[in-house]
Each structure stands twice: as structure tokens, then as C-alpha cells.
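I've put the structures underneath this note.
The following pair of complexes shares a single chain, chain A, combined with chain B in the former and chain C in the latter.
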Partner chain A sequence: MTKKGLILLLTILMMMGTVLPVFAQGAAEATAPAKEIELRWASIWVGADSKAGPVAAIVEEFNAANAGKIKVVIEPQPDYNAYEQKVRTSLAAGIAPADIFTIKLNPTTAEFYNSNLLMDFSKVFTGSWKSSFEAGSVNQSTIGGKLKSLPFETAILPMWYNMDILAKVGVTKVPQTVDEFWSLMDKLKAAGITATSQMTGDTNAWTSMIWFSHFAVSLGGPDVWSKPFTDPAFVQAAEYIKRMIVNYSTADAIGLGAGGSGGHFLAGRTAVFSNGPWYAGRADLAATPFFKNITIAGLPGFGSTSNYMISRIQANICAAASKDAAREAAIVKFLQFLTSPEKVKSIAQPSGAMFAVKTDAKPANHLQVQFTQLANSVAVSAPDFEAAMGAEATKEFTQQLSALALGKITAQEFTKLVALKINQD
Partner chain B sequence: MKSEQNFGTRLLTIVKWFILLFFLLVALLPLVWLFINSFRSNLELQISSFGWPQKWLFSNYIKAMEMASLPRLFLNSVITSASAVALNIIVAAMAGFILSREFFKGRDTIYTVLTAGVLVPIIAFMVPYFSLISRSGIYNTLFALILVYASVNIPVSIFLVTSFMRSIPKELEEAAIIDGCSFTQRFTKIIFPLTQSGLVTAGTFCFIYSWNDFIMAMLLTSSIESRTIQLGIKFFSSQFITDYTTMFAAIILTIIPSVGAYMFLHNKIISGLTAGAVKG
Partner chain C sequence: MPRLLFLLPVLVLFIGFFIYPFLFTLGTSLTRWRGIGSMQFNGLKNYTRLLADPTFRLAMKNNLIWALAQGFIQVPLAALVAMILLRQPKGWQTLRTVYFLPNVISTVAIAMMWTALYNVQYGFINEVLVKFFKREPINFLGNPDFALGAVIFQAVIYIGYFMIVILAAGMNIPRELYEAAEIDGASVFQQERYITIPMLRGTLVTTVTLAMAYGIRHFEATYLMTQGGPMHSTTTMGIDLYDKMDALRYSDASTEGVLLIIFGSVMIVVIRKIFGKSDPMSEMAQ
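Up next is the complex of A and B:
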């Protein structure tokens, strides 16, 4: 190759740089008509999610009604953990991840409220729009007088009892007292049945984190999360969760993910499981022979607090702030459409999910009925560990939970190590 | 005596075959498991991880194709990986040529700084890469991925290519200079062709990274038009639910072309990797 060849090579490279962005059909601004406002929604409700279909239908309906003016484009976010990482990374870089996106509001993500990147809805969130939301959820999402995320999907996190398995050991109702609870665990173990589906894997040890939260709230009261994590209530809760993992769970609990934990319950291998309402809409659960005999309930009071429930706001909707008033108005218009009782109902009914928007949605199956009844019947509710303490503390909780279950650390050491992380944050 | 020798040889052969078959099984079993489970229902899988499908669900494959737009994502992966490899090799070869064949002040410092990138974890680049790509207006494009994949692999490629070029005798270049070779021709006619094995190794590393990457693809893209196959596979797991058997079908579909390409090209790949290993 001579000079001519070298020039040719450089020309090809320059052409690559010029031509390849042609693949950027996703870079919407270039292709959208001039007057149409295109809103990118980084949606987690895609793919296999039970809310994916209804959400897509709502977007389609909105786009049809606003053709030529506003177009909402769903950007699928298939992996939730990676999505959370993306949101954190983009906000750290000073760029909103999309025009519309969701977060789990907790002490970690509440930091986003300090950023000017997010729209403050407090001025426009008034009248009938505001009154259609549950006031408690709105209060939880209002920080320093600012409403930079709208509460949307909510959940209670109770226990799921497979009554067919309980019947095998002569138990016909869920335990009402702590003695009845331990008696049930021991009876199941003696009969060679694995009592529960515990797990210490993933980024939040999801199902075991729910169990731990139940113990802690019952022992320390609904405001337990405001206490130092070395409080005796947390130490005792750690002792209980260790006992559950070591004595009454499947052998693969240490390191197991939420899929495996749920899989054991679905396969009828375990009697008691913990999860939120979204699990009730699963087709494979409905296909199990024990589906009709699942009871949704809480745990008995392990401490002074009983008749309580663990609850959380599962997804808050955020929007990117913009200097363009028309763009912000378009975002508000879409969010008002999405969160209208009628549209929320269309998502809630087929999926079984619960929302901060008041609707007259009819539960699709007996599990969803039980969820609604349970949510309305409890005297007090409190958030779970992750919702109260944030993502970083939860990662530490998850790592140390394995060490606790393996006997490498004591319950006191467990709480001290997690407390250290909480205080760092 | 002879029969004892025969017995010993046979025993050795049996042991050898036993070991080979054992490792073959270890290597193939996960693939066979994946293949069989890609035809089962999720409920069957939850009840028992091992077993034949009660009914062979070919619909898992149709669902996989339809749900995740796999053909488009596969094409994107091919374009991204191939372009990243080409760009990476061109840059690494040119840098390696200068760093290995020319003498100038600061050469070793530049080499050390460039190759030190090997020690920096990829995750540390997430915020700067996202910021740079977004602000330069190429967010959500294949070009962004090509640029990032090629760049991330520059340190390891320069390390490999420079080392390889240093092993080429200086006399070859000197002879070429006497024959009238220009500076550019020394690179294009002499050094570049002789470094092919090193370039294949560097390109292979770059291709594997580009093909398997999930984090950067998730971070720097947002639509089907610019996403890669690894994101397609993740499309079957949501926040609370994973459609495992359809995901297995998607994985099988994505590995068929790679396995096919390897079956046709394995002789060239192996000869490329081993060429230059023995000097004679």
C-alpha cells in the first residue's frame, strides 16, 4: 500500500464514521416530524412482565389520540438490575436516562430529588388528578415539598401458604400465634416437607428480606427502621431469619435467586413463600393443582406489633426536566392519561398488580381478592428493609445474610456490619 | 511379555478414552440440558430440572423469535462485533507498528500508559462513556457500541500486537528498505502481513467481548434498532418473572450461527491462533 492506499483507508474510516449513525433509527429526534414531540419512556413493563400488554395498549391509544402532536416511544428495559444501574449512571453523568422513567423510591434514589434533572410535579399535581391518588403514597413521594416522582405501583408483601401441604401435617388454618407457627415448621420438617423458600441471592435477597422485614416490624414496631440497626429488634429478627434459612428452607437457599425461591413454591416443594401481588397473575401459578388452596396472610406477631403488613411503593414515575414548556406539558398530558383510574384499572385487572391510584378494578382471581382484603384489614403497615434503607444497604444485607446463614458471623455481627454500611450511606 | 504390553497399552487407551469422554460429557451436558429444556414448559422446568418434555413445545422458538426481535438483534450484534474488531485491529496494528519498530523519546511511557488500561475495570468507565457518548450525539446508535467496544479492547490489543511485532526480525525490514520500501509500505507489505496471527488473537479477544457484552449495550442504547443479541436474551426476564424455557430457546437460536461458523472455519481459527507459536 502506498500513499494512495493510505488515503483510501482513511477515507473508508471517515465514511464509516459518517454512514454508521444511519443505523441510529432510535435517535428519534432526527426522524421525527418537526412539530411532533417525541417522548422516550424507559419502561420496565415489557417482555414477560404481566403489565407489558396493557401498558403497550395504553401508549398506542395515547399516540393515536395525539397523532402528529405527541408520540410516546417505549424503550424496553428488560433487565431490572441493569436498568437501575443505568438510571444511577445516567443521573451521575448529569443526563436523564429518558423523558419518562421509573425508580424504586428509597433513601438511595431519594437523592435524585436533589437533582435539577427531574421535573417537579408539585405545581401541576392538583385537583382531580391529585385526588385520584392515595394520599399516603403521595405523602411518601413528597420530599422537601417537592414531588419529583409520582407514586404508581404499590404492593403489600404477605406470606403465601400452600394449604394442601399444610393439610398433610394436619394443619387447616394459617398460624395465629408464634407457638403455632413454630409447631407448623417442626411438623413439616418431621414429615420430610421443606417448609419455606428462603434465598440469599440476587441484589436484595428478596423473599428472605421480606421475612426479615416482617420479624423486624413485629419486634420493633412500624417505625423500627428509624432505630439504629444494632437495636435488639434487628438482632432478634436476624436470629429468626437464620433459623428459617438453616432449619426450615431448601438446601439451596444460600445464593438462591428470586426465580429459584418462587420456583420451589410453584413446584409444590415448599409450603410457605413470600412475595407481592404481581405473582398472583402468573399463568403457571394458576395451572398448579394447589392454586385454589393458597391462602394469603401475614405472620403472627413475633413481637409486640401484630395485625401489621409490610408494604411499599414499588414504582415511582419520574420525568426529565426540560426548558421547553411544551415538552413538559406533553409529559404531564401523557402521565395524566397513564395514571387515570380507567387506564390503571386496565393494567391492574389482568396483572393483579396494586396501584397508588384509586380504581374500581375487580380482582381477577381469589388471590387478588385476598390481597385486597388483607391490605384493607391490617391495623398498621410499614415498609420493607429495601424500601426503608436503600439499595446500597440492601446489597450489604444480602451479602451478610449468606455469612449469617453459614454461621460465619453471629446475629450481632450481622447487624453491626449492615449498620456500618447504613451509616456510611 | 508381549501380552502384558498389549494389556498395558489397552488399559492406557481405555483410561485415555474415559478421561476424554468424561470431559466431553462435562462440556456437552449443559448444552444438551439447555436444548431439551428449550422444548419444555416453565411449569415442567420448575417441577423438575431434568427430564424429557411431556409435549415438545416448538412454540417456544416461535415465541422467542417474535417477542425479542432476535433476527434484528443478531444482525446488530454481527455488525457491531465485526466493525469493532476491524477498527480495533487497524488502530492496534498501527500503534503497535510505531511502538515496536520506531525509536523516539517517550515511546515506553506511551506504551505503558496505553497498556495500563488493561488494569482498569470496565465498570469504572460507565459514567465517562455514557457522558461522552450522550453529549457527542451518538447515544442509541450502533456506532456508539462499535466505538466503545473497539476502545475498551485497545490496551489488550496493543499489548498483544506490539509484543508480536517485536519478535519479527529487523533484518526483514532492512532488506525491504534497501529494495525501496517506503515507511507506509514497511507497515502494509512487511509487518502487517507477518503479524496476522497476533492480530487474529487480538481480534478474537475483541470479538468475544463485543459479542458477549451486556452492560455497555444496555447503557448506551435504548431501542431495538441499536441493541444487541445479549439484550434480546434478557428480554424474557422481567422484574418479577422469568420465562426460562423461551429464554433457553432464544439462547439456542443465538448460538447456532456461532457454532455453525466455527464448524466451517475452525481450521483457520486454530491455525491462526497457533501460527508463530513454534519458530523453526
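Up next is the complex of A and C:
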């Protein structure tokens, strides 16, 4: 090849180097037609998700009403873990993952609030729009005076009691006192029935983490997460969760994932289970012979706090900041539409999901009814461990929970080891 | 100049997708950065903190165990099977395909299958242990005393890839050498010991190096089966790094990435030193 040829090749490569980042950086801007503003929504409510249908209908309705002006395009994100990775890496690379996207707001993801890529809703989130949201959820989503994500899907995390199994040991109502609770556990064990579906696997030991959160909040009060993790409330909660895993759970609890934990309950192998309202809409649950005899309730007060519930904001909605005022206005217009009580009701009713927006939705099945009643009846609610402590502490919690259950470490050592990750700079 | 031009596309890709990310990672490892906002220079503090972290040290040890298991259990197994197949016993071509088959199945599917096999309540392995050996079931993936061994076992038994490499090299050994040895009265064992192994030495060094490199960077199967647990007993540097990224500790993750590259490089240098002249890469370099 001649020198001219070499220069030509290098020029082409340099041009490609210049052009490619344009595609990578601003897909939103690059794809937006001159007249119509196209908004990309990286949505997790797609595929088999119980909210997928109503959400798609809302988008369709919005697009029809704003034809030629704004068009919302759903980018399906069916794998939540992969989606979370996408959000993290995109923001780290200085790119918003989409015009609209969701996060699970916790101490780890609160870091996103330091990003200029996220729109701050605090100036536009006023009046009737603001008052249609539950104030507590809005407060939880406001950090340093900024509202860079809108609280949307919420959840309470109670216990699920298979009353058919409880009836086998002569128990007809959920335990109201700690003595009744241990008595139930012992009766089930004596009858050869596995009482609960515990687990120490996955990245958050999900169902056991919920149990632990119940114990901790009851023992230490709703503000327990602000205490040092070596506080006696956590040590005692650790003792309780160990007892549950060792004495009253399936043999495979250590190392088991959420699929296995839920699978035991669905198969009728365990009597008590813990999970959020989204589980109530499952077709495989509805197909179980005990579906109609599931009672949703809390645990009795193991400490001084009773009539409490563990809750979390399951999904916060974020939007990409833009220098284009019209684009930001379009985002706000769509989010106001999506979060209007009428639209939220249309999602809540068939799916049974709970939301930070106040609606008069009437849940579809008896479990969803129980969820709503329970959420409205408790005196106080507090977040679960993961929501309160973030990703890294939760992973350490999971790792050390196995050690605790196997007797490799004491409850005090467990809390100290987890505390190291919480206090890590 | 034309020779350089042939190298240019690869060089551009190498710079863009290895040199630049490596330098970025190296730079990030010297900062405090959580993926958002500006980076603050932090000197070598990340390195000192990471080297004092018990989880990291355990991960490094596990990586070494993985590398040794893949290099010195998986490759010898593959070599043994390859040497048997080189003798072309009846049905050897079918066996060759059968041994290689797991290599075309996704790691995810294999990991899921082994998770089920190892299950303490319903797994086939425990069923055999209980029914035929009258033993208590073992929570292979839930017990830190067994978990690492269980995860390594499900990986090293799939010898197909290295077996094919060794088999291909073995096919090139002149048959006359074996015929001559047979005339001289050499037994099968002696033929393998004095002809096959020396002739395959270069290939074996390459496969051991490759296998150990795979071991050093191991991630997928363990993450799918145990997420590094229980008690971090199966954590590798890759998993620890991933967890740090998950917690938005990008500078710590970068530090671990740099140490992982250094660890891998040192290991490769050591292998080349140990095997000396047999290493085809060394021969090419001379």
C-alpha cells in the first residue's frame, strides 16, 4: 500500500472514531425526529410481569393522545439483574440508560442522585401531582432537597401462612403472641412438617432477610436501621433467624435461592413463607389447592414494637436530564399521565401491585385484598434490611448468614462482620 | 510498511479494547470513584486496603486453587483420555464426540444441572449417598467445607476441549515411531512414556497455560451456583470484583482488576520458567 493509501485508511479510522461516540452518547437525541419527541422507556414491566399489559395500554393511550408530538417507546428489560447492571454502567460511563428508567432506591443507588444525568423533579413536582403521592414515599425519595426519582411501586413484606397446613396441627389462626408462634413451629416440627421456607443463597437471602427485618424492627423499633449493627436488637434478631433456619426450615435452606424457597411453599412443603404482593398474582400460586386458604399477616411482636410492617419502595422512576426544555417537558407530561391515580389504578387492580400513588383500586384476588388491608391497618412501617443498608451490606449479610446457620460464627460475630461492610468508607 | 498495515486493524482493536481500558482501570485504581461524579486521587490506598481485606485474600487463594485444578487435574485427565483415543480403540470417534459435547452446552445450563444434582434434599448425588452408602446427605453447595470442591469438580470433569487439542497434536506423531518401538519390544506404557509425552510436551505446556488462565479468570459457574458463598468460600477475584462494581465501588473494583492481571501475568511467567524450553512460546521468542 502506498503512503496515500495509508493516509486514506487512517483518515477513515479517525472519522469512525469521531462518529461512533456520537451514536453511543446521545441515542436519544440522535433518534429524535425534528417534530415528534421520542422518549425511550427502559421498562421492567414487560413480558410475563403482571403489570406488563396495563403499562403497555397506558403507553398506547398516551401516544395516541399525543400523536405527532410525543411518542413513548418501551425498551423491554425482562432480566432485572442485567437491567440493574445496565443502569449502573451507563451512568458510570456518563450516559443515561434511557429517557425514562427505574431504580431500586437504597443507600447504594442513592449515589445516583449525585449524577447530573438525572432530572431533578423537585421544581415541577408540586400541587395536585405531588398531593396524589403518599408523603412518606416522597420523603424517602428526596435526598438533599433533590427529587431525582419518583416513588412508584411500593410493597409490604409480610408472612404468608398456609392455613391448610396449620390446620393439620390443630391451629386455625395465625399466631398472635411469641409463645403461640414458637408453639406452632414446634407442633409443625413434631408432625414432621417443615414450618418455613428459609434461604441463605442469592445475593440477598431474600425471604430470610425479610424474616430478619421483622425480628430486628420488632426488637429495635422502626428506627432500628439507624442504630449500629452491633446493637443488641440485631444480635437477638440474628439468634432468632438462626433458630428459624436450623430448627424450622427445609434441609436445603443453606445456600438455597429465592426460587427454591418459594418453590417449597408453592409445592405445599412449607407452612409459612415471606414475600411481597407481586407473588400474589402468580398463576402457579393460584393453581395450588391451598390458594384460597392463605392468610397474609405479620409476625407477633418479638420485641417492644408490635403492629408494625416491613415495607419498601420497590421501584422509583428516573428520567434523563436534557438541555432541551421541550424534551424535559415531554417527560414530565408522560410521567404525570403514568402516575395519575386513574392510570395507577388500572395497573394496580389487575396486578395486585401496590403504589406510592393514592388510588381507590380494588384488588383482584383475596390475597391482594389482604395485602391492602394489612398495609392500611398497621401502626408503623419500616424498611427491610436491603432497602435500609444497600447492596454491599446485604451481600455480606447473605454470606455470613450461612456461617451463622452452620454454627461457624456466633450472632455477635455475625453482626460485627456485617457491620464492617456497613461502615466501610 | 505493508506488514505493519496488516497488523493495523488488530492493533487498533487491541489498543481500543485492551490497552485503553487497562490504562483507564489502572488510573481508576489510584482514585476514589463511585461511578458518578469526579474522581479524587487516592494514591495506593486502595491497594493497601484491598491486600488487607480477608475476602480478597480468600478470593486470591481460591483463584490459585482453580488454576491448579484446571492445569494439573483437568489437563492430565484430558491428556490421559486423548492418549487412549490415539490408540484408536473401537468406537473412539464416537467417544471423541461424546467427550467434547459438554463444551457446546452453555455454562448456565451445566451450572443449573449441577445445582440440581448437588441439592441436599432432592439431588441425585445425595440420593446415591443415602440409598447405597447409608450416609447422611451433604449440602455440597451450602457447606463451606464442600462448596469450593463441588464447584471445581463440575468444571474439571469436562475435559473435551483440551482433549481435542491434545488429540489433534497426537495425530501428527509419526506412526513409524510406535512401530519401531514395538519392534524393539517397548510396552504400551513405555511407548506413551518415551514417545507420546515427549512429542506432546509443547502442546501440554500450552494447554496447561491456557487451563490455568481459565482458572484465574473463573467466574460464571461459581456465580450461578453459589454467588461466591457460603461464607465467601467459593469467592474468586472475578466475583469479588463484580460485587464491588455492584456496590458502586468502582475504584476498588479497578484495583482488584489490576491485581488480577498482575496475578495472572506472574502465574504465566512462573509456568514458562518451570517448563523452560518446552514452552513453544519460549522457542518462538528465541
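One rule holds for everything that comes next: the second predicted complex is superposed on the first by the 391 of 425 C-alpha atoms of A that agree within 3 Å, B and C clash if a C-alpha of one lies under 4 Å from a C-alpha of the other, contacts with A are read in each partner's own complex, and residues count from 1 in each chain.
Keep in mind that, in the parts below, a contact is a pair of C-beta atoms (placed from the backbone, for glycine too) under 8 Å apart; a residue touches a chain by one contact, two chains touch by 3 or more.
Predicted, not measured: the structure shown is a model, and the values here were computed from it.
In the superposed pair of complexes, A:267 makes contact with chain B only, with no contact to chain C.
Once the two complexes are laid over each other on the shared chain, residue contacts for A:182 go to neither chain B nor chain C. Counting residues of chain A touched by each partner, chain B versus chain C, the larger count belongs to B.
Applying the stated contact rule after C-alpha superposition, one finds that A:290 touches neither chain B nor chain C.
By the document's definition of touching, of the two partners only chain C reaches A:254; chain B does not. Of the two partner chains placed by the overlay, only chain B lies in contact with A:48; chain C stays clear of it. In the superposition on chain A, A:92 contacts both chain B and chain C. When the two structures are aligned on the shared chain, A:129 is found in touch with neither chain B nor chain C. Across the two superposed structures, the residue set of chain A contacted by chain B and also by chain C is 1, 6, 9, 13, 85, 92. Across the complex, chain A is touched by residues 41-43, 45-48, 67-68, 76, 79, 83, 87, 90, 126-128, 130-131, 134-135, 137-143, 146, 182, 184-185, 187-189, 214-215, 218-219, 221-226, 231, 234-244, 246 of chain B. If you check the complex, the residues on chain A that touch chain C are 1, 6, 9, 13, 85, 88, 91-92, 108-109, 111-112, 114-115, 200-203, 250-256, 390-392, 395, 398-400, 402-403, 406, 408.
Those residues of chain C whose C-beta lies close enough to touch chain A in the complex are 1-2, 5, 8, 12, 34-37, 119-122, 137, 139, 141-144, 147, 226-232, 243-250. On the side of chain A, the complex with chain B involves touching residues 1-3, 5-6, 9, 13, 16-17, 20-21, 23-27, 40, 42, 44-50, 52, 73, 75-80, 82-83, 85-86, 89-90, 92-95, 98, 258-259, 263, 266-268, 275-276, 278-279, 282, 284, 287-288.
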